[in-house]
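This is the structure I have questions about; it appears just below.
Chain IDs A, B, C and D follow the sequence of writing; residue 1 opens each chain.
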Amino acid sequence: MVRVHVHRVAVHFGDCDPAGIVFFPNFARWMDQASLAFFAACGVPPWRELERTTGIVGTPVLETRTRFRLPATYGETLEVHTSVEEWSAKTFRHRHAVRRGDELLCEGSEVRAFVVRDPSRPGRLKAVAVPDDIRSRCG
Amino acid sequence: MVRVHVHRVAVHFGDCDPAGIVFFPNFARWMDQASLAFFAACGVPPWRELERTTGIVGTPVLETRTRFRLPATYGETLEVHTSVEEWSAKTFRHRHAVRRGDELLCEGSEVRAFVVRDPSRPGRLKAVAVPDDIRSRCG
Amino acid sequence: MVRVHVHRVAVHFGDCDPAGIVFFPNFARWMDQASLAFFAACGVPPWRELERTTGIVGTPVLETRTRFRLPATYGETLEVHTSVEEWSAKTFRHRHAVRRGDELLCEGSEVRAFVVRDPSRPGRLKAVAVPDDIRSRCG
Amino acid sequence: MVRVHVHRVAVHFGDCDPAGIVFFPNFARWMDQASLAFFAACGVPPWRELERTTGIVGTPVLETRTRFRLPATYGETLEVHTSVEEWSAKTFRHRHAVRRGDELLCEGSEVRAFVVRDPSRPGRLKAVAVPDDIRSRCG
(Lines give C-alpha, C1' and ligand atoms only; values in the text may rest on other atoms or scores of the structure.)
Protein backbone atom coordinates (compact mmCIF):
# COMPACT_ATOMS: atom_id res chain seq x y z
CA MET A 1 0.00 0.00 0.00
CA VAL A 2 1.33 3.40 -0.90
CA ARG A 3 0.09 6.44 0.95
CA VAL A 4 -0.24 9.53 -1.25
CA HIS A 5 -0.62 13.05 0.06
CA VAL A 6 -1.86 15.92 -2.13
CA HIS A 7 -0.37 19.37 -1.47
CA ARG A 8 -2.06 22.29 -3.24
CA VAL A 9 0.00 25.21 -4.55
CA ALA A 10 -1.27 28.53 -5.86
CA VAL A 11 1.18 29.94 -8.42
CA HIS A 12 1.90 33.63 -7.88
CA PHE A 13 3.23 36.45 -10.07
CA GLY A 14 6.53 36.57 -8.21
CA ASP A 15 7.06 32.84 -8.82
CA CYS A 16 7.36 33.56 -12.56
CA ASP A 17 10.32 34.81 -14.56
CA PRO A 18 10.65 37.25 -17.49
CA ALA A 19 9.50 34.48 -19.87
CA GLY A 20 6.21 34.53 -17.94
CA ILE A 21 6.48 30.96 -16.63
CA VAL A 22 7.33 29.52 -13.21
CA PHE A 23 11.01 29.91 -12.41
CA PHE A 24 11.91 26.22 -12.10
CA PRO A 25 13.65 26.22 -8.67
CA ASN A 26 10.18 26.94 -7.28
CA PHE A 27 9.18 23.38 -8.18
CA ALA A 28 11.93 22.13 -5.85
CA ARG A 29 10.56 24.46 -3.18
CA TRP A 30 7.02 23.13 -3.67
CA MET A 31 8.23 19.53 -3.53
CA ASP A 32 9.96 20.34 -0.25
CA GLN A 33 6.69 21.77 1.08
CA ALA A 34 4.92 18.63 -0.13
CA SER A 35 7.45 16.41 1.65
CA LEU A 36 6.84 18.10 4.99
CA ALA A 37 3.07 18.15 4.38
CA PHE A 38 3.28 14.39 3.73
CA PHE A 39 4.93 13.79 7.12
CA ALA A 40 2.49 16.12 8.89
CA ALA A 41 -0.43 14.26 7.31
CA CYS A 42 1.09 11.01 8.66
CA GLY A 43 1.15 12.49 12.16
CA VAL A 44 4.88 13.28 12.38
CA PRO A 45 5.45 16.45 14.47
CA PRO A 46 7.27 19.48 12.97
CA TRP A 47 11.07 19.28 13.00
CA ARG A 48 11.39 21.90 15.74
CA GLU A 49 9.45 19.60 18.09
CA LEU A 50 11.21 16.49 16.88
CA GLU A 51 14.53 18.24 17.54
CA ARG A 52 13.66 18.53 21.23
CA THR A 53 12.65 14.88 21.57
CA THR A 54 14.93 13.08 19.09
CA GLY A 55 17.50 15.61 17.88
CA ILE A 56 16.22 15.36 14.30
CA VAL A 57 16.36 18.75 12.57
CA GLY A 58 15.07 17.82 9.14
CA THR A 59 15.40 15.60 6.08
CA PRO A 60 17.94 17.16 3.71
CA VAL A 61 17.93 16.01 0.12
CA LEU A 62 20.80 13.78 -1.05
CA GLU A 63 19.70 13.39 -4.64
CA THR A 64 16.94 14.80 -6.83
CA ARG A 65 15.76 14.06 -10.32
CA THR A 66 13.05 16.12 -12.00
CA ARG A 67 11.43 15.95 -15.41
CA PHE A 68 9.55 19.05 -16.60
CA ARG A 69 6.81 18.41 -19.17
CA LEU A 70 4.65 21.53 -19.23
CA PRO A 71 5.18 25.02 -17.83
CA ALA A 72 2.86 26.74 -15.36
CA THR A 73 2.07 30.39 -14.81
CA TYR A 74 0.53 32.64 -12.17
CA GLY A 75 -3.16 32.36 -11.39
CA GLU A 76 -3.04 28.58 -11.71
CA THR A 77 -3.49 26.04 -8.92
CA LEU A 78 -1.27 22.98 -8.92
CA GLU A 79 -1.36 19.75 -6.94
CA VAL A 80 1.75 17.93 -5.77
CA HIS A 81 0.99 14.22 -5.24
CA THR A 82 3.62 12.85 -2.86
CA SER A 83 4.47 9.39 -1.62
CA VAL A 84 7.44 7.47 -0.20
CA GLU A 85 8.44 5.02 -2.87
CA GLU A 86 11.15 3.24 -0.94
CA TRP A 87 12.48 3.12 2.62
CA SER A 88 16.12 2.13 3.20
CA ALA A 89 18.04 1.86 6.45
CA LYS A 90 19.31 5.46 6.41
CA THR A 91 17.43 7.05 3.51
CA PHE A 92 14.06 7.13 1.79
CA ARG A 93 12.88 8.05 -1.67
CA HIS A 94 9.99 10.43 -2.38
CA ARG A 95 8.02 10.54 -5.58
CA HIS A 96 6.25 13.80 -6.44
CA ALA A 97 3.86 14.29 -9.37
CA VAL A 98 2.88 17.92 -10.01
CA ARG A 99 -0.51 18.14 -11.72
CA ARG A 100 -2.77 20.88 -13.05
CA GLY A 101 -6.17 19.25 -13.40
CA ASP A 102 -5.66 16.33 -15.77
CA GLU A 103 -2.23 17.44 -16.93
CA LEU A 104 1.03 16.11 -15.50
CA LEU A 105 3.38 19.11 -15.41
CA CYS A 106 6.41 17.68 -13.73
CA GLU A 107 7.67 14.58 -11.94
CA GLY A 108 10.29 14.50 -9.25
CA SER A 109 12.16 11.90 -7.27
CA GLU A 110 14.12 12.79 -4.12
CA VAL A 111 16.40 10.73 -1.88
CA ARG A 112 16.48 12.17 1.64
CA ALA A 113 17.92 11.27 5.05
CA PHE A 114 16.96 12.16 8.61
CA VAL A 115 19.73 14.22 10.21
CA VAL A 116 20.77 15.41 13.67
CA ARG A 117 23.30 18.09 14.64
CA ASP A 118 26.77 16.58 14.86
CA PRO A 119 28.00 17.21 18.45
CA SER A 120 31.63 16.73 17.46
CA ARG A 121 31.52 19.36 14.69
CA PRO A 122 29.48 22.51 15.52
CA GLY A 123 27.39 23.65 12.58
CA ARG A 124 27.51 20.23 10.90
CA LEU A 125 24.80 17.61 10.55
CA LYS A 126 24.90 13.82 10.34
CA ALA A 127 22.48 11.21 9.07
CA VAL A 128 20.77 8.78 11.44
CA ALA A 129 18.73 5.63 10.79
CA VAL A 130 15.17 6.25 9.72
CA PRO A 131 13.23 6.15 13.04
CA ASP A 132 10.97 3.08 13.22
CA ASP A 133 8.00 4.98 14.58
CA ILE A 134 8.15 7.53 11.75
CA ARG A 135 8.40 4.79 9.19
CA SER A 136 5.46 2.91 10.63
CA ARG A 137 3.32 6.06 10.76
CA CYS A 138 4.02 6.71 7.08
CA GLY A 139 3.63 3.14 5.86
CA MET B 1 37.63 20.96 -25.98
CA VAL B 2 35.16 21.75 -23.21
CA ARG B 3 34.69 25.33 -22.15
CA VAL B 4 34.12 25.74 -18.40
CA HIS B 5 32.82 28.88 -16.77
CA VAL B 6 33.17 29.54 -13.03
CA HIS B 7 30.34 31.43 -11.34
CA ARG B 8 30.99 32.59 -7.77
CA VAL B 9 28.20 32.58 -5.19
CA ALA B 10 28.27 34.11 -1.71
CA VAL B 11 25.95 32.18 0.60
CA HIS B 12 23.74 34.45 2.69
CA PHE B 13 21.80 34.04 5.94
CA GLY B 14 18.46 34.11 4.15
CA ASP B 15 19.58 31.25 1.87
CA CYS B 16 19.67 28.95 4.90
CA ASP B 17 16.85 27.10 6.63
CA PRO B 18 16.11 26.35 10.30
CA ALA B 19 18.65 23.50 10.21
CA GLY B 20 21.27 26.19 9.51
CA ILE B 21 22.21 24.91 6.04
CA VAL B 22 21.43 26.12 2.53
CA PHE B 23 17.82 25.43 1.60
CA PHE B 24 18.40 23.12 -1.36
CA PRO B 25 16.25 24.83 -4.04
CA ASN B 26 18.84 27.62 -3.88
CA PHE B 27 21.31 25.28 -5.57
CA ALA B 28 18.94 25.07 -8.56
CA ARG B 29 18.78 28.88 -8.54
CA TRP B 30 22.58 29.15 -8.49
CA MET B 31 22.90 26.65 -11.33
CA ASP B 32 20.44 28.74 -13.32
CA GLN B 33 22.58 31.81 -12.67
CA ALA B 34 25.63 29.83 -13.71
CA SER B 35 23.95 28.76 -16.95
CA LEU B 36 23.22 32.34 -17.96
CA ALA B 37 26.70 33.44 -16.85
CA PHE B 38 28.14 30.68 -19.05
CA PHE B 39 26.31 32.05 -22.12
CA ALA B 40 27.24 35.64 -21.28
CA ALA B 41 30.90 34.59 -20.98
CA CYS B 42 30.60 33.03 -24.46
CA GLY B 43 29.34 36.35 -25.86
CA VAL B 44 25.63 35.48 -26.10
CA PRO B 45 23.48 38.57 -25.41
CA PRO B 46 20.89 38.59 -22.58
CA TRP B 47 17.54 36.97 -23.39
CA ARG B 48 15.73 40.32 -23.51
CA GLU B 49 17.99 41.39 -26.42
CA LEU B 50 17.86 38.00 -28.07
CA GLU B 51 14.06 38.16 -27.90
CA ARG B 52 14.08 41.28 -30.08
CA THR B 53 16.38 39.75 -32.71
CA THR B 54 15.48 36.04 -32.63
CA GLY B 55 12.36 35.66 -30.48
CA ILE B 56 14.26 33.51 -27.98
CA VAL B 57 13.07 34.24 -24.42
CA GLY B 58 15.20 31.78 -22.47
CA THR B 59 16.34 28.21 -21.97
CA PRO B 60 13.85 26.45 -19.69
CA VAL B 61 14.93 23.25 -18.02
CA LEU B 62 13.46 19.98 -19.26
CA GLU B 63 15.24 17.68 -16.88
CA THR B 64 17.55 18.06 -13.89
CA ARG B 65 19.52 15.65 -11.80
CA THR B 66 21.43 16.76 -8.72
CA ARG B 67 23.54 14.92 -6.19
CA PHE B 68 24.21 16.67 -2.87
CA ARG B 69 27.37 15.58 -1.09
CA LEU B 70 28.08 18.24 1.55
CA PRO B 71 25.96 21.07 2.93
CA ALA B 72 26.93 24.75 2.86
CA THR B 73 26.10 27.60 5.17
CA TYR B 74 26.13 31.40 5.19
CA GLY B 75 29.41 33.26 5.12
CA GLU B 76 30.87 30.75 2.67
CA THR B 77 31.80 31.39 -0.96
CA LEU B 78 31.02 28.69 -3.51
CA GLU B 79 32.06 28.22 -7.11
CA VAL B 80 29.77 26.71 -9.74
CA HIS B 81 31.84 25.19 -12.57
CA THR B 82 29.60 25.02 -15.64
CA SER B 83 30.00 23.50 -19.09
CA VAL B 84 27.87 22.19 -21.94
CA GLU B 85 28.42 18.47 -21.98
CA GLU B 86 26.35 17.68 -25.03
CA TRP B 87 24.57 19.57 -27.83
CA SER B 88 21.58 17.95 -29.56
CA ALA B 89 19.39 19.31 -32.32
CA LYS B 90 16.83 20.90 -29.99
CA THR B 91 18.38 20.54 -26.55
CA PHE B 92 21.68 20.73 -24.70
CA ARG B 93 22.99 19.33 -21.46
CA HIS B 94 24.77 21.38 -18.80
CA ARG B 95 27.06 20.00 -16.16
CA HIS B 96 27.50 22.02 -12.96
CA ALA B 97 29.95 21.21 -10.18
CA VAL B 98 29.50 23.28 -7.04
CA ARG B 99 32.75 23.58 -5.11
CA ARG B 100 33.93 25.17 -1.86
CA GLY B 101 37.67 25.31 -2.14
CA ASP B 102 38.81 21.72 -2.66
CA GLU B 103 35.48 20.18 -1.70
CA LEU B 104 32.84 19.11 -4.19
CA LEU B 105 29.51 20.00 -2.56
CA CYS B 106 27.06 19.13 -5.25
CA GLU B 107 26.86 18.04 -8.88
CA GLY B 108 24.06 18.84 -11.27
CA SER B 109 23.07 17.94 -14.77
CA GLU B 110 20.42 19.91 -16.67
CA VAL B 111 18.78 19.36 -20.08
CA ARG B 112 17.53 22.64 -21.51
CA ALA B 113 15.98 23.92 -24.74
CA PHE B 114 15.87 27.33 -26.40
CA VAL B 115 12.27 28.56 -26.56
CA VAL B 116 10.25 31.30 -28.29
CA ARG B 117 6.74 32.55 -27.54
CA ASP B 118 4.16 30.42 -29.37
CA PRO B 119 2.19 32.83 -31.64
CA SER B 120 -0.72 30.40 -31.90
CA ARG B 121 -1.17 30.04 -28.12
CA PRO B 122 -0.73 33.30 -26.14
CA GLY B 123 1.19 32.73 -22.93
CA ARG B 124 2.75 29.49 -24.21
CA LEU B 125 6.31 28.78 -25.32
CA LYS B 126 7.75 26.34 -27.86
CA ALA B 127 11.21 24.89 -28.37
CA VAL B 128 13.31 25.81 -31.42
CA ALA B 129 16.50 24.31 -32.82
CA VAL B 130 19.66 25.33 -31.00
CA PRO B 131 20.85 28.38 -33.03
CA ASP B 132 24.07 27.60 -34.90
CA ASP B 133 25.74 30.87 -33.99
CA ILE B 134 25.09 30.34 -30.29
CA ARG B 135 26.40 26.81 -30.46
CA SER B 136 29.55 27.89 -32.28
CA ARG B 137 30.20 30.70 -29.78
CA CYS B 138 29.94 28.24 -26.90
CA GLY B 139 31.94 25.43 -28.46
CA MET C 1 -16.93 51.59 2.01
CA VAL C 2 -13.65 49.76 2.07
CA ARG C 3 -13.38 46.40 0.39
CA VAL C 4 -11.10 43.96 2.21
CA HIS C 5 -9.75 40.77 0.71
CA VAL C 6 -8.30 37.98 2.86
CA HIS C 7 -5.39 36.01 1.38
CA ARG C 8 -4.36 32.87 3.27
CA VAL C 9 -0.70 31.86 3.49
CA ALA C 10 0.71 28.58 4.79
CA VAL C 11 4.19 29.16 6.22
CA HIS C 12 6.70 26.54 5.08
CA PHE C 13 10.04 25.28 6.40
CA GLY C 14 11.95 26.93 3.54
CA ASP C 15 10.38 30.31 4.36
CA CYS C 16 12.25 30.30 7.68
CA ASP C 17 15.84 31.24 8.45
CA PRO C 18 18.46 29.78 10.82
CA ALA C 19 16.78 31.60 13.73
CA GLY C 20 13.74 29.44 13.01
CA ILE C 21 11.43 32.34 12.08
CA VAL C 22 10.08 33.61 8.76
CA PHE C 23 12.81 35.35 6.75
CA PHE C 24 11.22 38.81 6.56
CA PRO C 25 11.39 39.45 2.78
CA ASN C 26 8.76 36.69 2.53
CA PHE C 27 6.25 39.07 4.10
CA ALA C 28 6.79 41.44 1.14
CA ARG C 29 6.26 38.45 -1.17
CA TRP C 30 3.01 37.52 0.59
CA MET C 31 1.76 41.12 0.46
CA ASP C 32 2.45 41.11 -3.28
CA GLN C 33 0.41 37.92 -3.61
CA ALA C 34 -2.33 39.52 -1.54
CA SER C 35 -2.33 42.61 -3.80
CA LEU C 36 -2.90 40.52 -6.92
CA ALA C 37 -5.47 38.36 -5.12
CA PHE C 38 -7.29 41.57 -4.16
CA PHE C 39 -7.54 42.66 -7.80
CA ALA C 40 -8.55 39.17 -8.94
CA ALA C 41 -11.31 39.15 -6.29
CA CYS C 42 -12.52 42.49 -7.70
CA GLY C 43 -12.76 40.95 -11.17
CA VAL C 44 -9.58 42.45 -12.69
CA PRO C 45 -7.98 40.01 -15.17
CA PRO C 46 -4.40 38.79 -14.68
CA TRP C 47 -1.69 41.14 -15.95
CA ARG C 48 -0.81 38.92 -18.91
CA GLU C 49 -4.37 39.39 -20.23
CA LEU C 50 -4.48 43.06 -19.33
CA GLU C 51 -1.22 43.51 -21.24
CA ARG C 52 -2.89 42.37 -24.44
CA THR C 53 -5.88 44.69 -24.02
CA THR C 54 -4.42 47.74 -22.25
CA GLY C 55 -0.63 47.33 -22.24
CA ILE C 56 -0.56 47.18 -18.43
CA VAL C 57 2.09 44.71 -17.21
CA GLY C 58 1.72 45.09 -13.46
CA THR C 59 1.66 47.40 -10.46
CA PRO C 60 5.23 47.88 -9.24
CA VAL C 61 5.74 49.20 -5.76
CA LEU C 62 6.97 52.78 -5.35
CA GLU C 63 7.10 52.85 -1.59
CA THR C 64 6.58 50.36 1.23
CA ARG C 65 6.41 50.63 4.98
CA THR C 66 6.13 47.59 7.21
CA ARG C 67 5.97 47.15 10.96
CA PHE C 68 6.76 43.70 12.35
CA ARG C 69 5.19 42.91 15.72
CA LEU C 70 5.42 39.14 16.15
CA PRO C 71 7.38 36.48 14.28
CA ALA C 72 5.85 33.47 12.55
CA THR C 73 7.21 30.01 11.89
CA TYR C 74 6.49 27.00 9.68
CA GLY C 75 3.34 24.98 10.19
CA GLU C 76 1.33 28.16 10.86
CA THR C 77 -1.39 29.63 8.66
CA LEU C 78 -1.53 33.38 8.26
CA GLU C 79 -4.12 35.72 6.79
CA VAL C 80 -3.24 38.87 4.88
CA HIS C 81 -6.13 41.36 5.04
CA THR C 82 -5.75 43.73 2.09
CA SER C 83 -7.55 46.89 1.02
CA VAL C 84 -6.94 50.00 -1.06
CA GLU C 85 -6.75 52.85 1.38
CA GLU C 86 -6.38 55.65 -1.12
CA TRP C 87 -6.63 56.15 -4.89
CA SER C 88 -4.68 58.98 -6.52
CA ALA C 89 -4.48 59.96 -10.18
CA LYS C 90 -1.44 57.81 -10.93
CA THR C 91 -0.96 55.75 -7.76
CA PHE C 92 -2.85 53.90 -5.06
CA ARG C 93 -2.07 52.85 -1.52
CA HIS C 94 -2.60 49.33 -0.18
CA ARG C 95 -2.95 48.44 3.47
CA HIS C 96 -2.09 44.88 4.49
CA ALA C 97 -2.60 43.42 7.96
CA VAL C 98 -1.02 40.01 8.49
CA ARG C 99 -2.85 38.04 11.17
CA ARG C 100 -2.50 34.66 12.87
CA GLY C 101 -5.84 34.03 14.48
CA ASP C 102 -6.39 36.94 16.85
CA GLU C 103 -2.83 38.19 16.70
CA LEU C 104 -1.64 40.98 14.42
CA LEU C 105 1.83 39.92 13.25
CA CYS C 106 2.70 42.66 10.84
CA GLU C 107 1.24 45.69 9.09
CA GLY C 108 2.24 47.00 5.71
CA SER C 109 1.48 49.97 3.53
CA GLU C 110 2.42 50.04 -0.17
CA VAL C 111 2.18 52.79 -2.79
CA ARG C 112 1.91 51.29 -6.28
CA ALA C 113 1.36 52.46 -9.85
CA PHE C 114 -0.01 50.79 -12.97
CA VAL C 115 2.73 50.57 -15.61
CA VAL C 116 3.07 49.84 -19.33
CA ARG C 117 6.18 49.04 -21.35
CA ASP C 118 7.82 52.26 -22.54
CA PRO C 119 7.91 52.10 -26.38
CA SER C 120 10.69 54.70 -26.57
CA ARG C 121 13.03 52.81 -24.23
CA PRO C 122 13.07 49.02 -24.67
CA GLY C 123 13.15 47.19 -21.36
CA ARG C 124 11.78 50.21 -19.46
CA LEU C 125 8.35 50.77 -17.94
CA LYS C 126 6.30 53.91 -17.38
CA ALA C 127 3.38 54.74 -15.10
CA VAL C 128 -0.08 55.43 -16.50
CA ALA C 129 -3.20 56.85 -14.90
CA VAL C 130 -5.16 54.40 -12.77
CA PRO C 131 -7.73 52.99 -15.26
CA ASP C 132 -11.26 54.14 -14.34
CA ASP C 133 -12.80 50.72 -14.85
CA ILE C 134 -10.29 49.07 -12.54
CA ARG C 135 -10.85 51.69 -9.91
CA SER C 136 -14.62 51.34 -10.10
CA ARG C 137 -14.42 47.54 -9.87
CA CYS C 138 -12.30 47.82 -6.72
CA GLY C 139 -14.29 50.59 -5.03
CA MET D 1 31.79 59.55 11.70
CA VAL D 2 29.54 57.15 9.86
CA ARG D 3 30.93 53.89 8.63
CA VAL D 4 29.52 52.81 5.26
CA HIS D 5 29.85 49.34 3.81
CA VAL D 6 29.28 48.61 0.12
CA HIS D 7 27.72 45.24 -0.74
CA ARG D 8 27.70 44.30 -4.43
CA VAL D 9 24.77 42.41 -5.94
CA ALA D 10 24.57 40.82 -9.39
CA VAL D 11 20.97 40.78 -10.60
CA HIS D 12 19.96 37.44 -12.09
CA PHE D 13 17.20 36.28 -14.46
CA GLY D 14 15.34 34.48 -11.68
CA ASP D 15 15.27 37.69 -9.60
CA CYS D 16 12.99 39.28 -12.23
CA ASP D 17 9.25 38.94 -12.72
CA PRO D 18 7.06 38.70 -15.85
CA ALA D 19 7.33 42.48 -16.29
CA GLY D 20 11.07 41.93 -16.77
CA ILE D 21 12.15 43.87 -13.69
CA VAL D 22 13.44 42.84 -10.27
CA PHE D 23 10.65 41.37 -8.14
CA PHE D 24 10.72 43.90 -5.31
CA PRO D 25 10.99 41.57 -2.27
CA ASN D 26 14.49 40.81 -3.57
CA PHE D 27 15.53 44.32 -2.54
CA ALA D 28 14.61 43.42 1.06
CA ARG D 29 16.69 40.27 0.68
CA TRP D 30 19.68 42.25 -0.63
CA MET D 31 19.39 44.77 2.20
CA ASP D 32 19.42 41.87 4.65
CA GLN D 33 22.59 40.56 2.99
CA ALA D 34 24.06 44.05 3.18
CA SER D 35 23.24 44.29 6.89
CA LEU D 36 25.11 41.10 7.69
CA ALA D 37 27.98 42.10 5.38
CA PHE D 38 28.16 45.39 7.29
CA PHE D 39 28.60 43.58 10.61
CA ALA D 40 31.10 41.14 9.11
CA ALA D 41 33.12 44.07 7.76
CA CYS D 42 33.13 45.55 11.28
CA GLY D 43 34.58 42.30 12.64
CA VAL D 44 31.40 40.87 14.20
CA PRO D 45 31.36 37.04 13.93
CA PRO D 46 28.53 35.22 12.11
CA TRP D 47 25.37 34.66 14.17
CA ARG D 48 26.01 30.91 14.50
CA GLU D 49 29.26 31.70 16.36
CA LEU D 50 27.74 34.53 18.32
CA GLU D 51 24.95 32.18 19.39
CA ARG D 52 27.49 29.92 21.08
CA THR D 53 29.18 32.76 22.96
CA THR D 54 26.33 35.22 23.60
CA GLY D 55 23.08 33.48 22.65
CA ILE D 56 22.41 36.04 19.90
CA VAL D 57 20.80 34.38 16.87
CA GLY D 58 20.29 37.37 14.60
CA THR D 59 18.90 40.86 14.17
CA PRO D 60 15.28 40.56 13.04
CA VAL D 61 13.68 43.60 11.47
CA LEU D 62 11.09 45.51 13.48
CA GLU D 63 10.28 48.14 10.90
CA THR D 64 11.25 48.85 7.30
CA ARG D 65 10.61 51.71 4.95
CA THR D 66 11.69 51.58 1.32
CA ARG D 67 11.37 54.02 -1.55
CA PHE D 68 11.78 52.64 -5.07
CA ARG D 69 12.92 55.17 -7.68
CA LEU D 70 14.13 53.14 -10.67
CA PRO D 71 13.74 49.48 -11.58
CA ALA D 72 16.63 47.11 -12.23
CA THR D 73 16.91 44.06 -14.44
CA TYR D 74 19.14 41.01 -14.89
CA GLY D 75 22.69 41.44 -16.11
CA GLU D 76 23.12 44.58 -14.00
CA THR D 77 25.36 44.99 -10.96
CA LEU D 78 24.06 46.99 -8.03
CA GLU D 79 25.74 48.37 -4.93
CA VAL D 80 24.03 48.53 -1.55
CA HIS D 81 25.61 51.27 0.60
CA THR D 82 24.84 50.45 4.23
CA SER D 83 25.39 52.28 7.49
CA VAL D 84 23.96 52.42 11.01
CA GLU D 85 22.23 55.74 11.28
CA GLU D 86 21.23 55.49 14.92
CA TRP D 87 21.92 53.23 17.90
CA SER D 88 19.33 53.00 20.67
CA ALA D 89 19.39 50.93 23.86
CA LYS D 90 17.65 47.92 22.35
CA THR D 91 17.46 48.72 18.62
CA PHE D 92 19.43 50.29 15.80
CA ARG D 93 18.52 51.83 12.47
CA HIS D 94 20.17 50.91 9.19
CA ARG D 95 20.18 53.08 6.11
CA HIS D 96 20.65 51.36 2.73
CA ALA D 97 21.09 53.13 -0.59
CA VAL D 98 20.94 50.85 -3.64
CA ARG D 99 22.90 52.29 -6.54
CA ARG D 100 23.62 51.34 -10.15
CA GLY D 101 26.60 53.45 -11.13
CA ASP D 102 25.52 57.06 -10.62
CA GLU D 103 21.85 56.26 -10.27
CA LEU D 104 20.06 55.84 -6.95
CA LEU D 105 17.56 53.02 -7.49
CA CYS D 106 16.13 52.59 -4.05
CA GLU D 107 16.52 53.74 -0.46
CA GLY D 108 15.70 51.72 2.60
CA SER D 109 15.58 52.25 6.33
CA GLU D 110 15.37 49.34 8.77
CA VAL D 111 14.95 49.21 12.56
CA ARG D 112 16.40 45.99 13.97
CA ALA D 113 17.05 44.41 17.35
CA PHE D 114 19.50 41.78 18.58
CA VAL D 115 17.60 38.70 19.77
CA VAL D 116 18.26 35.52 21.76
CA ARG D 117 16.12 32.40 22.06
CA ASP D 118 13.58 32.82 24.87
CA PRO D 119 14.25 30.01 27.37
CA SER D 120 10.76 30.29 28.84
CA ARG D 121 8.97 29.89 25.50
CA PRO D 122 10.52 27.30 23.14
CA GLY D 123 10.58 28.51 19.54
CA ARG D 124 10.29 32.18 20.59
CA LEU D 125 12.88 34.95 20.53
CA LYS D 126 13.37 38.01 22.70
CA ALA D 127 15.26 41.26 22.22
CA VAL D 128 18.35 42.07 24.27
CA ALA D 129 20.31 45.27 24.72
CA VAL D 130 22.68 46.10 21.86
CA PRO D 131 25.98 44.55 23.04
CA ASP D 132 28.54 47.28 23.85
CA ASP D 133 31.39 45.52 22.06
CA ILE D 134 29.37 45.16 18.85
CA ARG D 135 28.36 48.77 18.97
CA SER D 136 31.91 49.94 19.51
CA ARG D 137 33.22 47.79 16.65
CA CYS D 138 30.66 49.31 14.30
CA GLY D 139 31.02 52.93 15.43
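Throughout what follows, a contact is a pair of C-beta atoms (placed from the backbone, for glycine too) under 8 Å apart; a residue touches a chain by one contact, two chains touch by 3 or more.
Quantities reported herein were computed from a predicted structural model and do not represent experimental measurements.
Novice: List every chain that touches both subunit A and subunit D.
Specialist: B, C
Novice: Superimpose the Cα atoms of subunit B on the matching ones in subunit C and note the rotation angle, 0 to 180, in steps of 5 degrees.
Specialist: So the copies are related by a turn of 180 degrees.
Novice: Please work out the Cα centroid separation of subunit B and subunit C, and write it as a whole number of Å.
Specialist: 30
Novice: Could you grab the centroid distance between subunit B and subunit D? Build each centroid from C-alpha atoms only and quote it in angstrom.
Specialist: 28
Novice: Counting only Cα atoms for the centres, state how far subunit C is from subunit D in Å.
Specialist: Computed from C-alpha means, the inter-chain centre distance equals 23 Å.
Novice: Check each residue of subunit A and list the ones that touch at least two other chains.
Specialist: 13-14, 17-20, 23, 25, 29, 32, 47-48, 58, 73-74, 123
Novice: Considering only which chains touch which, how would you classify the arrangement: line, ring, star, complete or other?
Specialist: complete
Novice: Give every residue of subunit A touching subunit C within the complex, in rising order.
Specialist: On the subunit A side, the touching residues are 10, 12-14, 20, 29, 32-33, 36, 40, 46-48, 58, 73-75.
Novice: In the complex formed with subunit B, which residues of subunit A make contact?
Specialist: For this pair, the touching residues of subunit A are 17-21, 23-26, 28-29, 32, 47-48, 57-58, 60-68, 71, 73, 115, 123-125.
Novice: So in the complex, the part of subunit A that touches subunit D is made up of which residues?
Specialist: Touching subunit D: residues 13-14, 16-20, 23, 25, 48, 52, 74, 122-123 of subunit A.
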